[in-house]
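Input: structures, listed below.
Two complexes follow with chain A in common, the first pairing it with chain B and the second with chain C.
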Partner chain A sequence: MELRKYLFRRLIEITIIFFVIMTILFLLFRLAPGDPVSRMVDPSMTPEDARHLISQLGLDQPLYQQYIIYLRNFFSGDFGVSFHYGTSVMGIIWDRLPNTAILFTTSIILSAFVGIFLGKIASWHKDKKIDTWLTLGALICHTLFLPWLALIMIWFFAYKIGWFPLNGILSPEIWIQTDACFFSKLIDVLHHLILPLATLFLIHFGSYLLIMRSSMLDTLKEDYITTARAKGLKEKIIRNHHAAPNAALPVVTSIALSLAFSINGGALTETVFSWPGIGRELVFAVSNNDYPLAQASFLLIAAVVLLSNFLVDILYAYLDPRIRY
Partner chain B sequence: MTLLEVKDLSVVYQTRKGFITALNNISFELNRGNTLGLVGESGCGKSTLGMALMRLLPGNASIIKGNLFFENQDLLKLTDDEIRQIRWKKISMIFQAAMNALNPVHRVADQIMEAITTHNSSLLRESAIKQTEKLFDLVNIPKRRMTEYPHQYSGGMKQRAVIAMALACRPSLIIADEPTTALDVILQSQILESIKLFQKKLNLAILFISHDIAVVADICHDICVMYAGELIEYGAKEKVLGAPVHPYTKTLISSYLTLIRDLRPLKPVQDSTTSHISNPDLCCFLNYCPNSEKICRNQKPVWVELAPDHRVFCLLANKIYNG
Partner chain C sequence: MVTNTSDSMAGALDMLPKKRQKISAFNEKWLIFKENFIGRAGLILLSLFALMALLSFIPPLIDPMYHPMTGVDPKISCSVGPSIHHWLGTDFIGRDILSQLLAGAKIAFMVGISSAFISIVLGTSIGMIAGYFGRYIDAILMRLADIIMVMPTLLVVLIFSSLFGQLNIWTIVLVIALFRWPGVSRVIRAQTLTLKQRPFIEAAKLAGASPIRIILRHIMPNVLPLSLLYMTFRVSSAIIIEAALAFLGFGDPSSVSWGMMLQWVWKTGHMFQAPYWLLPPGICISLITLSFYMVGRAMDEVLDPRLRKEDD
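So, the complex of A and B:
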């Protein structure tokens, strides 16, 4: 019951924060240098046509009115029309979102599980060879510069060996085949997915491993681990049942925090791999002053970060019985 | 009947500054159903001894010498798997910090049940639950609190839960490492009473580790006094506390208040927990001893048996004893 009350309160908080972000975004775009109209407006246009276009976009209205329109459109689910594509922003986002989701959920889940597992192993064999190698490997991966790693991966695996496609999400020959079956499409997407996934995985698993390792080492010094040993429990049970659940708590926090950064890193990865996702669209929209699209993508990112924090709150209450809100 | 016999046990810790002797030639015996008190100031090696008996010493400690006979088998010669079978089933522990002895993410009853099922894998879940219920009854914790987590318990309840856990497999020896140190005096006396009760009921042997002479005097039959990793006086409670002979034991006793004796100024023990690496052969209390004589500086101390149940590790024991 307490939990439900807390979650309700959190939801209200999140909504408020979301509106604050919305407002800041709105103002930021109006303050940003560069004028969308000057880009769209052809120099050969007559001033009348230009004015007509500006009023069509609603940019001649006073700021507060633009804001009201912005809010009203948001509630009716209308994010406007992309300046660049000329189609509905919602359509573009719905089109790109699954691509980003596939890449991100998989890479976060994969790197978290592998990181936690290897961190557990490393701490258990502290100062032995396996620990040294795992820690060293994790440190190296953690400090790598993402675009560089992505380029190296492409150069080696796609160009030199040719195991994987250079970029994109679907091969053109399958793309133009309208009668291609779902299964062959899926295989092709997975084939394209491996390189960007591996890149994101390599960048992220290291930090999870290091956090898990140090957290585990602290936990292993706790008195209840001595109790567990004294009880005559098997080492494997002590490690997995008594130490790991306690040690994994800080990692959960770190996963939530890294979500925000991973979307940011995702923009880089998506750009390098030409992965048609939200991140790449965002970079593209910002550099082209495509306000509606950029605004909507930023809002989406804000929503994802807020929601993942909310999910972690729930998860935390489930993992640690001491946490009762 | 002897349950536990410790013989010439020596433990060293490896540190960056070299080896540090934590226990030096410790020998004592403990009979079934008896309580042996182990007293000494902080850092004298009491807890190390308790951990050594379970073979739970940390990685940088090693037992370099001695035997631990328990029910006629040498614990030091057992394989890891064999010692695991003995832990908790035969020898269990009551830990000093009950707050931290329970795992915060598991229910209290589950942690107790785990001890039961680990050593009796054929036991059905229902009967394990029944046994756990009985244990909760025994230590006076309401059954409805079985499914709660450690943080929902008060300090005294946690301590009682830890005691219930120690009794879970009906061990023949319990090592109680300062079980009442963190509690206030009222709880302390309750816990001590219940420990005494279980001991009689279940014919337990207890190795009671404490720095509190008053507590040890209350609960123990025999007493070992330790100083700087060495055993210096060992015997029946009445002898060691009633007529202490070793100068350190005397100092330790005179540093405690008692309501029986006339009030007189306390004599604090000097800040003396120094290691005696400089001269390991001589008496460990030499530098602080008020009675020391020339012989102490030239000769190793020896065990002097003043009575069948009273031994002192001091060259001057007879002299002090006879006044």
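So, the complex of A and C:
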């Protein structure tokens, strides 16, 4: 019951934060130096169309009325028309969202699991050779410059050895065939997924490993671990069933807290690998001065971060029964 | 070298017993730090990068063709590999890669340290104020921190540069700083909350000290080591964000940074033909981040005795 109350409060908080971000974006786009009309209205439009759009967006009306129109458009899912593509922004975003979701969730989940597993091993062999190597490797991977790592991956695995495609999400020659079966398409996407996934994985797993290691070292000093040892339990059981689940909680928190930072990395990876996702679309939109698309993708990213923070709150309450709000 | 100075300082301050105590506390911390392999390696790497930054003004003096931005070798007009005149080769219009690399070190230090400094000053003061005053001040400041924390800094700077046109390097520094303080302020706030319960703060309050005096004289000295620790991590992240921005083509066009060098390799399609050009800037960005991170981790172990090895 208490938990439900807490989650409800968090949900309200998150909604308020989202509205604040929306308002900040609205003000930024209307009040930044330069003509707001040129940011909302496609320069290649005919004068009649432009006039129609200006009155539709209320750009000739006072700011508060523009804000009301902005909110109304938001709730009806209307983010305007992209300057660059000439189609509805919402359609573009729905089209790109699954690609980003595939890349991002698989990389986070994979790196979290591997990070937790290796961090457990490193802490168990503290100050031995394996610990030193794992920690050093994690430190190095964690601080590698992501776009550079991506370029090196492409250079080595796609160009030198030629195991993987250079970029993109699918090979046109397979998708042109009308008789290509679903399975071969799936294999093709997976084949394209491996390099960007490996890049993001290498960048992320290091920090999870380091957090898991230090959290595990703290946990191993707890009384209940001594108790478990005194009971004569096997070391492996103590490690995997008594210490690790508790020690993994800070990793969950850190995933949530570093999510905004991981999204930076996601956008860079998508750009270098030409992976058609939201992050790359945002970078493109900024380069092409495609303001409606840039605004909508930024809002979507903020919403995703907020929602995942909320999901982590739920997950946390489920994982740690000691926490009761 | 640093040990020598602190030793001689300790010697000079023999007659000042109180100050000497402080120095020896510092000395003790320094000794622990020095024993730490990761910290030592980090410091050595950092001094190498500092040396690079210091040497960056030399190549243009030797010959104007070594100027990182405008100098072009008249005999070369495309990217060629290492030679006697260009130790690391040249880029696509015949500029020297080594002198660009040295200039990049200067920019990295400038961006990293100034942006980290601003965000640490902001984060520490906001954290102390929120923690000490509590109630609605705390609520407002921490909600503000929540809002900033969900926005990916790189994408925020991207949006800014789309709205305000090409940003110069100091604007980039400022925007990064303004969006990277919430993490610090949360830690400092938590620390301030525990300090607030301690008797010496109560005593200071009873003695009639004003809140500002308590914050500055009694709380700040206790949270400053923590701020300094976070500063090393913030330097890393500021360097990465600036490099990523330059890599995407939104950097300050008037200065050569490592990120921009990588952008040139990538955009001019040299990444498959010119490994001598692709490797150095990426290695530099990764290593400088790594070394600040290593110094930070070593400091963490010095400040937190629980993390030290069991036997000492």
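The definition used in the following text is that the second predicted complex is superposed on the first by the 291 of 325 C-alpha atoms of A that agree within 3 Å, B and C clash if a C-alpha of one lies under 4 Å from a C-alpha of the other, contacts with A are read in each partner's own complex, and residues count from 1 in each chain.
FYI, contacts are C-beta pairs under 8 Å (C-beta built on N, C-alpha and C of every residue); 3 or more make two chains touch, one makes a residue touch a chain.
Just so you know, these numbers come straight off a predicted model, no measurement behind them.
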Chain C versus chain B on the shared chain A, clash or fit after superposition: fit
Chain C versus chain B, contacts on chain A by residue: C
Touching partner for A:Leu233 - first (chain B), second (chain C), both, neither: first
Apex chain A: angle to the C-alpha centres of chain B and chain C, given in degrees as a multiple of 10: 70
Touched partner set for A:Asp320, first chain B, second chain C, both or neither: first
Touched partner set for A:Val81, first chain B, second chain C, both or neither: neither
Touched partner set for A:Glu222, first chain B, second chain C, both or neither: first
Contacts of A:Pro245 with chain B and chain C, given as first, second, both or neither: first
Touched partner set for A:Leu151, first chain B, second chain C, both or neither: second
First (chain B), second (chain C), both or neither touched by A:Leu170: neither
Minimum distance between Cα atoms of chain B and chain C in the superposition (Å): 5
Sites on chain C touched by chain A in the complex: 38, 143, 146-147, 149-155, 158-159, 161-164, 183, 236-237, 240-241, 243-244, 247-250, 259, 262, 265-266, 271-272, 275, 278, 281-282, 285-286, 289-290, 293-294, 297, 306-307, 309
Sites on chain A touched by chain C in the complex: 13, 17, 20-21, 25, 28-29, 32-34, 39, 127, 139-140, 142-149, 151-152, 154-155, 159, 214, 217-218, 257, 260-261, 263-264, 267-268, 271-272, 279, 282-283, 285-287, 289, 291, 294, 298, 301-302, 305-306, 309
In the complex, chain A residues that touch chain B: 222-224, 226-234, 242, 245-246, 319-322
Chain B residues within the chain A interface of the complex: 54, 56, 84-89, 92-93, 95, 97, 100-107, 114-115, 118-119, 149, 151, 165
